Each structure stands twice: as C-alpha cells, then as structure tokens.
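Pasting the structures here.
Each of the next two complexes has chain A plus one other chain: chain B in the first, chain C in the second.
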Partner chain A sequence: MLTSHAEVLSPRTLQEALALKASHPETVALAGGTDLMVLIEANKLDPSRVLNLWGVAELRGLDAQDGWIRLGALTTWTELIQSPLLASHAPALVEAARTCGAAQIRNRGTLGGNLANASPAGDSLPPLLALDAVVELGSAKRGLRRVPIERFFLGYRKTALERDELITAIYLPARVEGDETFFRKVGTRRAQSISKLSFCGRVRRQGGQVTLARLAFGALGPVPLRAHTVEVALEGGPVRPQLAELLLNDIRPIADVRSTAEYRQRVAVNVLRGWLETLAG
Partner chain B sequence: MKLSFVVNGQPREVEVRPMARLLDVLREDLRLTGAKEGCGEGECGACTVLLDGQSACACLVPAAQAQGATVLTVEGLAEDARLARLQDNFVRCGAAQCGICTPGFLMTAAELCQRGQALSRAEVRDAVAGNLCRCTGYQKIIDAVEEALCADQPR
Partner chain C sequence: MAQLIGESIGRVDGPAKVSGRALYVDDLHVPGCYYGATVRSIHAHALIRGITLNLDYDWSDVVVVTSVDIPGENVIALMTDDQPALAEQVVRHVTEPIALVAAPTREKALEAARNVRVEYQPLPALIDMTRSQSEDPRIFGRDNVFKKLELRLGDVKAVQGGVLIEGEYNVGHQEQLYIEPQGVLAVPREDGGVTILGSLQCPYYVVKALTRVLGHDKLNVVQAATGGGFGGKEEYPSMLAAHAALLANRAGRPVKMIYRRDEDLRATTKRHPARVKLSTRVDESGRLLSLDADVLMDGGAYNTLSPVVISRAALHVSGPYRWETAHVRAAVVATHSPPNGAFRGFGAPQAMFAVERHLDKIARTLSIDPVELRRMNLLREGDLTVTGQVVKAPGGLLALDAALAAADDAPLPPLSPIPGGGGDAARRLPGRGVSVVFHGCGFTGNGEAKIKSKVILELFGERVRVLTGSTDIGQGTDTIFPQIVASILDIPLSWVEMAPHDTAIVPDSGPTVASRTAMVVGGVVDAAARKLHAALQAEAKRPAPFAELARARRARAPLRVEAQHQPDPTLRWDDERYIGDAYPTYAWMATVVDLAVDIDTGEVTYRRLITATDIGFALNPVLATGQIEGGALQALGWATFEEVVTDGKGLMLNDRLTNYIIPTAADAPEMVTLLIENPYAGGPFGAKGLGEIPMDGPAAAVAQAIEAATGAVLNRLPMTPERVLEATP
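Up next, the complex of A and B:
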C-alpha cells in the first residue's frame, strides 16, 4: 500500500509542464514510474508534489533530423527495441534496452527517466556515452539547451538538470559507415538484474587505423564514465588488445552489495580485452 | 482525484489518492483481487495487468497515470473466447502450483498472444522473464504459453 499523499500535476503540453516545473521547482518529475514508484514505496522519497509527464505528447516520438536521431524523453525501452531507425543507427543502445528489466518494465521505463534517475548502473548510459549523445534540457525561462552526455552526470545521482528544468529529448548522431559498436552487461541474471558492470564500445577505423574510440562503463563508480586513457592509446594505430590493461588508469571500481571492487576491475578489463581481440581478428 | 477508466470492458469511476498504486485501486477499491502483490517493486510480475494493451506492473503505476486508460486484469480474460484458451492451456498443462504467480503469467502471455508473433521456446522464456514462480514450475508454464501461441490462429 503506497501511502503517499503527494499532489499530482498532469500537464498536457510541454509548455504547461515547464511552467509548472518553474513555479514548483521542488516537484519531482514522473515518467514511467519504474524507478520513482520503487523509491516512494521504500520511503526513500516522499515528494509533496509530483509532475506527471506521461500525457505530454511532445516528449514522445523518435525520428531522424539533419544527421541526428531525436528521441523524445518519454521514449520507452520497448520503443527503442522496436525502432527500425535505431536498429541501424544505434544497435548498441537497442541491445542495452533488451537487457533492461523485463517486458513490464520496458513498456513503462523511459530513456529520459533513466537519465534523470542517474543511477551509475542505468542501462542506457554506457551506450549514450559511447555514441556521443546530447541531452536536451528545457526550462520555461531560458528555453532549450543542449548538454553533451559526458557533462550531464556531475556526481552520484547528481545531474546538470537545474531545478526548473526537464529533460525534453536525447539526440544521437547518425551512424557513420564503418563504426563498430559493442554492448555487454554483466549481472546475476539476464532479466531484471541491476548491472555489476556494463560496457559499451565504439571504434571507427580507416585503413586499419583507429580514428575514433569511445569506451564507456557503467556501475563502476559514482557516475558512468569514459576510459579516456585507453581511448587515446587506441586512436592512431591498429587495434591492440593489450591496451585493455591501461584501463586501470581510468577506473577505480567501487565495492557494493552487487560485487567487489576486485571482481569489477578484472571483469572490466576482460570484457574490454575480449572485444578488442574480436576487432583485431 | 476522481479516477475514470475502463476496467475489463466496464467504465469505472472511483475516488482515490492520485499516487495510490493501480494495484491497490484494483484490489481494494474495485475488489478485483486477481492481480497479486509479490515484491511491490516491479521485480516479480505477480501484479501484471495490461494497461492500454501493454503489460505493466500495477504496483508501479500511480492512479494518476491510469486516468482515461483501459485496464485488463486476469478477471477480464475469460470473457474473450480466444484468450480463455490461454487459461485452458494453463489448466491442461498443469501450469499452476501454489497459483500466486498465475494471474501475472497469464497477463504477460496475453500480451504475447495479442501480438500474434510466432516465438521459439527460448523467446517465450525471455518474454516471460519478468514473472517469477517461486514454486519454480516454469517448464509447464512455458509449455502452456508456447501452445497458446502456436494455437493462436483464427478458428
């Protein structure tokens, strides 16, 4: 039994939603509820007001515009999985969506919610980092602004969202021919489990030389992170799997209820090396 | 708030707190006790209902998000002859032990039947991964769902 007596505001348009967020900045934004309802049920959160975004049509939809894919903040995991556009432009994100929760969760959980909740284990976060996603934030006063995903996460469950802002959309650059991506989630079970760690990689090669490398890990620390040392080492040469060992310069895994730091460190290196070996052939 | 929605084909109106869980509205206010509370955090699937045709954990849906929606619970399955066959299959295959998880499995399977895609056994397993049976009677449940999907052709 949920005893929350929170007032729920249910705007129908984005303008209305942003105006409400501006006039009631303490309001907690609610998308599909798959994280928020659990927190409220566990008494970890007791909001007095909730901003129910589910009926805001402008926050839905997924389409291609000028070299970018725009995903409305309310795009669900199920919609990610079913989108032919994403199957060709962001297969790693689709793969991550498949590992998220189970059917019931994927039908309600949204990309915007996953970002706002900002759990370092959020399933979409490593793919969004590896794909150089851009987060669009809106406010009634200042309009829209765009934040590169890497600058969106400021600390443990802390984001660049201001109190009067809502996430409106996520932009992904259209896939460049030849880009190779990989996603792997390590957990106790395929369905429902929260990651011990997750990894998404992207490399672009020209004539056997790596011209771009993006390596992103989830659930290793307070925020999802990029392995910049390994990325820089990979760029400008052929794929050398032994560079995976450099990962220890980039990560300092945490220990928690799901895993030990030693396990995370070893498995992170192994997952990365395994993928680089596949690429090196 | 006054919640107006359609439950198992019937328009319903009920006075509830906007953050009341759909699960409690169904069980306590409408006395539809088919959806069960297992974990209360979206892990076990015992409270699965179809919300506007899509499976959802009723424990994670606040009443405010059910406003104007169409909800199908296990109590509404038997009215549709085609879906009653899904229930028949569960009976025939012995796909119930203690029975707590059964309504949830039926609703997840009902969503699969609606979609009408042919699925391999592995895909069926994957599709019902959000429903837990702590009697671990999975084999017969998967048998029943698989059979329903195969038989799910127009009669």
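Up next, the complex of A and C:
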C-alpha cells in the first residue's frame, strides 16, 4: 500500500506551473508518476510537495513545425507509438517506446518524465541522442531556452534543469531522406524490463560514403552517451563493421544487479558490429 | 448422468477470483485490528547485546514483543526444534526476526519497527556451503550437517571397465514468487484462544507450531483464499502465524501481518542451491555401468525441511535410468544464510538437472546421440532403481516417443522478433534439446503410512460436504475432489461442496505437498464416497443408487463417514539403508524444447516447448494441463532468468520484481502439452501426482538446446545471457 502526505499543487496552465515552480523550487514535478511512485513506494523519496503537471494542456501535443517535430513534455509512450508523424520521422523512437514497461506504464509515462528522471537506462534517451533532439526548458523569470540533448545530461541523474525550470517540449529535426536508423534494447526479458544496455544508431550515406553517424548507448555509464570515436571513424568512408572495436575508447561500462561490466562491453560492441554488418550488406 | 471425472470442468474458485470477490487475507477487515511489523537482523551472525526502544518516539499505541514475551516455547516446531520464533542471544542469518511491533496502522507499525534499536556484537559468519563442514563456526550440531545419507546398489568399486566420465553441476537459489505475498491475520477468541486466517498450504503444520509457541491448543487455523504457494507457504506461515498470534495475545486485539514483496523476497525460504558431482563409468555402447554421486545442498541457518529435500535429491539423482551399480552420498549443511525450504520439486530439480546434463556429457564423450543414449538406458518394466525398487509400468519411453513424434509432426512456429530491434533471424542460432525425468509421487518410503491422511464426508439433504485439511492453492483440488465424489456417487456436481479449510472442523489430511493431494488424498476422497454410499444403504436397509436414497432420507442428523489412507501393503522401505520402494509410483515426463540464441547478446528466445507427461489419469485435463504449463514456465525461469543476487552476508540484493526476473507471457514459448494416461492402480481412477514433475525437466533440455545452437556447454543455473555469451566458443 502506498501513502504519501505530500501537498499536491495542480496548475492548469503553463504560466501557473512555472510560477509555482519558481515560488516552490523544492517541489517535485509529477507527470505520469511511473518513476516517482516507485521511488515513494520504496521509501527512497518522501516529497512534502508535488507539482502535478498532468492537467497542463500546453505540455501536450505532437506536431510538425518548420522542419522540426515538436513533442510536448507530457507526450506519453502510447502517443509516441500511435503517431503516424513519428512513424515516418522517428521510427527508432517509436521502437524504443514499444519496449517500455507494460501498457499501463506506457499510458502514463511521458517523454518529459523520462528525461527529467535521467536514469541512464531511460528507454527514450539513445534515440533522442541519435536523432539530435533539442530539449526546451521554461522558467517564469527567464522564459524558454533550448538545450541540445547531449548537453542536457550532466551526471548520474543530474540534468541541466535549474531549480525553477520545467521541461516544456522536445524537438526532433525532421527526417532527411536516406537516413537509416536502428534501435536495440538488450533487457532482462522480452517485456516489462529495464535495459542492461540499449543502442540507437543513425547513418546518412551518399554514394556509399557515410556522411553522418550518430551512435548512442544507454545504461553503460552514469549518463546516456554518444560513441564519438566510432562516429568520426565511420564518417567519410564506406560502412566498415570492424570499426565497432573502437567503441572501447568511448565506453566504460558499469556492473550492477542487472548485468556485468564485461557483458555490457562485449554486447555493446557486438550489437554495433551486427548492425554495421547488416548495413554493409 | 454426465461422466464428470476426466472432464475439463472449470475451477470452482475461478469466478470469485476473476471478479475480485474472493477474500485474500489482506481483504479481511476486522474492527480494531492492529498491523504487525518485524524487526530483523542486519547481521549474518552476531550476539544480541540489547534491545531498546527509542524513548523520543511515541509508543503509546504500539505493542512490542520480544522473545521474553513468548508464553510457551521459543521454537517453530517442524522437524527439529532449532529455529526460534524470535532470536534470543544470537542471530544466525540476516533478516532473522528479533522483535515484533503492532500499531493501529501499517505505516505506524513500520515506523515503530525502525525505532526499535538492537545492539549487536558481530561474529564471524559462514556463508559458503562448501566450507560448512570443515570450518568454524558451528551452526548446527557438531559438524554443521542437517542431514547426511548414503545409498548403495551393488558395488561401484568393483566396476573398473568402460570409460570414466566425471562432471560437476551447480544450481542457485530460486524464489517461489507466489503472486500474493505471505500474510496472516490472528484474531483472539472469546475462550482465550486464537484463530489464525492466512495464506497457507498446510493448516495443521501451523497448529502444531503454534501449540508449542503459545503453550496451549485453544487455536484453529483457517486457510484464506491463497494466491499461490509452490512450497513457499509450506513452512514459513508457521513463523508468521506465531508472530501475529504473539502480537494479538499481547495487544488483546486482532493483528494482521502482510509482508511487502521486498521483505518477502529477503526473509522467506527459497529453493536450495546445490552442487552435484557425478563420477560414472559407461561402456563404449553407452550402457550405464556405475554412478557415484555426491550431492551437497545449502540449508541456510535452520533445519526447516532440508532433511526431506536432500532425501528427494538423493533418490532422483540417478535420473529415470538403469544403472548397474550406484553409490549416492548426499548432505545438506548449515550456513549463516536465510533458511532454504520447500519449493515445487523439493530437491529433485537440482538432482535432475545434474544427471541430465551428465548424460549429455556422456553422449558428447562417446559421440552418441543424446536422445538415443537416453532411450537405451531408460528404466524398463522389471528393472531396478538405485534403491532396488522393481519398476512397474514405467512411462519414460512412452513420454519420450510421444514428445518426439509431436516435435516432428508440426512445423516450428516462426521466430518472433525481439521487441526493440534484433529481429534479424540470421543473427539467432536455432537449437533443440530433449530431457527425460521421473518424479516420485507422494511421500518417500513409509511417509504416507505414518501420516494416515483422513477425509470426512457428510450428507445432509441433497448435499455432500467434503471435509479435508488439504488446501487448494491454485492447483485445483477444490474442484477435483467434488468431481471425484460426484462421479463415484453418480450425483450432480452441484450437490457437492467443500467445507472451509478450518482445522476446527476438517481432519488432518496431511500437508498439501509432494504431488500427493490428488493422488493420495483424492484416493481417500474416493474411498470416503464409497463408504458414504455403503452407510446410506445400511441406514436405509436396501441397496439402491445414492441419489435415490439421499432424496428419500428422512433423518435430521447428517450422515457422516471418515476414511483414512490405506497404503499399499506390498510396499517395503528400509529408512536406515535407503533400500526398497522409495515411492508408491512415479510420474514420467519428456521435454522437447526449441529455442534460438542471439549470437550478439546470448539471449535465448523460446519457440516451442513440448512436454509429454505420464500422469496416470487426467482427473481434469484442463487443470492438469495448466499445472504442467505453469510448472514448465517456472522451470524456464529457473533455467535462464532467475538469479538471487546476494551480498557477502547472504542478503538478497535484487529484492524487487524489476530486478528479480521471472518470465512474462511474452517470454513464454508456444506450449504443446501431451497427457499420457498410464494408470496407477493406487490412485483415484488411476491418477498419479503431477504438481512437481514439470519443474524437473525443462532446464536440462534448455541447456542441451543452447549447446546444440552455440557449442556453449553450461553446467550452472541460471544460464543467463552473460553466462551463455561467456561460454560460447
């Protein structure tokens, strides 16, 4: 049984929400609650005040604007899966959404919550990194600012969010013709699982040459990360699967109750090489 | 009238459970009830220097109990009297109960428990079972051995020819993971006694334990609707009921104790980890000449049921095969870990994994097909088991042939994509594995003769009431007992009802364990029904169908008969030397599993699991199938998913369902479940026990399939992707 004595503030507009966050900066933001409720139940968090964002309409919605896809921070996993727009522009993100939790979790869990929680195993994070997403943050005093996703994660469960800020939206660049993407979650089982590691790759090729490579991994360290060494090596030539071995320059996997550091390292290389082999044909 | 027995009648408890009307213990609301919580040891081994209360905390509405408050003996009586209800001077494992608190709300109780301070003096702890017999400290007896046994068939030393093949096999803990955590409600009675309502398997075990703790027998135990047990609610409810009763006694009001999942995972019993060393000689053709087996199990800090678990392991480590000679040594030892206990299979799964993997090693060494090796050595009519039992109507070959035929019959289902990418079939290698197992039904040796299970039937009006201490924990006996009665008496099923499983009214039918309830107690139900018909004819002084006489009956008082289990008088068992008829009969099962191994990640995708099981007779085919499929999935969990991760003190670290991983429906293969009816004359309508055998076979078949797919030879469970990848050449 779950009990919390927290005071719940339920703003109806973004302006109200940002004002409340500014006047009560210690307040924990509540979106779908799929992470918060687990922490409270496990006695790891006992908030005195909660900012319930669920009724803020401006944080919802999913649409295309000027070459970008805007996803409101409250966009749920289910909405990601059901969106025709994302099916054509960000299939890897849709694939990641499908692997998240169970139906009930996907109906409540949100993209903004996944970012704010900043678990390195967050299912959306490798696709957002590989797709060069931009996170929009809002505060009552300073208005809106945009942060590239790679600069959003500062350390283990630490983000660029200031104490008076809320995540308002996530922007994805529209898909460029010829981009190929791949997502793979290596979890503990086929459903309701947390990642041992996850991978999202994107390459753009012109005339057989890689002109852009984005390789992002989750659950390998304190923050989701990009494999810059391999990306640089891939760009400017044909797809060479053996470059996957260079990944060891980019990652220092951790060990925990879900898996070992050795396994994560070896499988990260295998999964990357497997995809590169498929691309190389 | 309808032929009831052998029909797939839906579970009588099904509608109430599906609609949410069934009352589990946490659904029982009693006015004035307090909630209990437990103060547990944080050390594996320590002296308790003192227990004090934080005086800054408000204790005005809190009740506290320590060992000094126990009115009777401080013991949870089961086989031996080594386990206290609450630790006194010493704690012997992490999570051992030290003190209890009860308060008006659950939150207050948990908070109060955190304000009880225990001062410890830590002592050296022994966690590694392989060092238990050789090193200090002593935990149990003189040598830390709960039970040691040895059995011999012929003289293994006399066999010197053939090829010597040796192997070592290791298996880890497994959690029962009943869907409903442990829970008990203790309600004081007006006569000064106490009523226990709980989620439990064996109400009379709780009566026996509580009588000692409370120092009186003014008590009755009632089974509430129970969300699974799998052995996990065989012995532990005695501990929890003792705690709730002590608190209720002290508070003078009802006390409810419901474990949270994490507490349940950390503190309650699990399957025994085991190490099995096998040294065998076989001739060039694959004939099994000698078996030398050394089985070691980790019992944890207290005896619980470990001696019986090791006995079943010793009796199954031969596998369902004919060995010309055998020497089995088995020991279960003490460590400073939370005690291990009963879990579906009860020692047999550990032994069976070892011997089935060893047969694969023999096949590999001699370049014989592993299925052919099994076929040539399976026990046949008149063969001797390793205890010298003459095998009658064995079902091993029947099961193997049926399972293989089914595997050849239908094409494999397509390889489903891994959710979240990795759908590339070229990067997944297919493999098939086969295993054959047997499982002794009912208690070992003279066990059933000692228990003398009883069942009472009562007739009043057009109603027959079945009174039995055997509980339905999801396996369906509250459905099949009425089916048996209705079939024998040729009356509608609606005439038959089960009495509540309340020890105030039902007789002791023996514990609900050991694949015995349908076969042994079902047999007593069958006999009781015949006795009731005879009694009714005697009363009416004329022979006639039961229904006719029941309708014509005018007497007001219920007609009541009691029947008792009559063991087969031809069975012979020497419990000192472990010679003779170890079990009244055996169930047999063959498994064919098809899977694919991802070469990049070592992940296993299950495609199809075919089982063929000789269960004697299917009293209710859909329930029998459900038992086998559920058990088989639990076995697949043990095979590749479930790993209890502990720290150096024996404390379970992955104590949540997010990281103690059991398979979901998405992980389950297509299942083809074949029931083979090879009747056993001693069971009702020919039925044998089937509850445990599905746990025995799948893990070894999976290991063989992974080896076929990748070349990885795995002799340790669970075969996690980490281990598969590491072992892949």
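In the analysis below, the second predicted complex is superposed on the first by the 281 of 281 C-alpha atoms of A that agree within 3 Å, B and C clash if a C-alpha of one lies under 4 Å from a C-alpha of the other, contacts with A are read in each partner's own complex, and residues count from 1 in each chain.
Please note the rule applied: a residue touches a chain if its C-beta (ideal position, glycine included) is under 8 Å from a C-beta of that chain, and two chains touch if they have at least 3 such contacts.
Keep in mind that this is a model prediction, so the values were computed, not measured.
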item	value
Which of chain B and chain C A:Lys185 touches, first, second, both or neither	second
Touching partner for A:Arg202 - first (chain B), second (chain C), both, neither	neither
Partner chain(s) touched by A:Arg226 [first = chain B, second = chain C, both, neither]	neither
Partner chain(s) touched by A:Asn52 [first = chain B, second = chain C, both, neither]	first
Contacts of A:Ile40 with chain B and chain C, given as first, second, both or neither	first
First, second, both or neither for A:Ile194, with chain B first and chain C second	second
Partner chain in contact with A:Glu7 - chain B first, chain C second, else both or neither	first
First, second, both or neither for A:Arg108, with chain B first and chain C second	first
Contacts of A:Leu30 with chain B and chain C, given as first, second, both or neither	first
Contact residues common to both interfaces of chain A (with chain B and with chain C)	1, 38, 42, 190-192
Residues of chain B touching chain A in the complex	1, 17-21, 24, 28, 40-43, 45, 48, 51, 54-57, 59-62, 64-65, 67, 108, 111, 126-131
Contact set on chain A toward chain C in their complex	1, 3, 38, 42, 95-96, 98-99, 182-194, 196, 198, 257-260, 262-263, 266-267, 270-271, 273-274, 278
Chain C - residues contacting chain A, complex	106-107, 262, 418-422, 424, 427, 599-603, 605, 641, 645, 653-654, 656, 658-659, 661, 663-667, 721-722, 725-726
Chain B-touching residues of chain A, taken from the complex the two chains share	1-2, 4-8, 10, 30, 32-34, 37-38, 40-42, 50, 52, 54, 78, 101-105, 107-108, 190-192
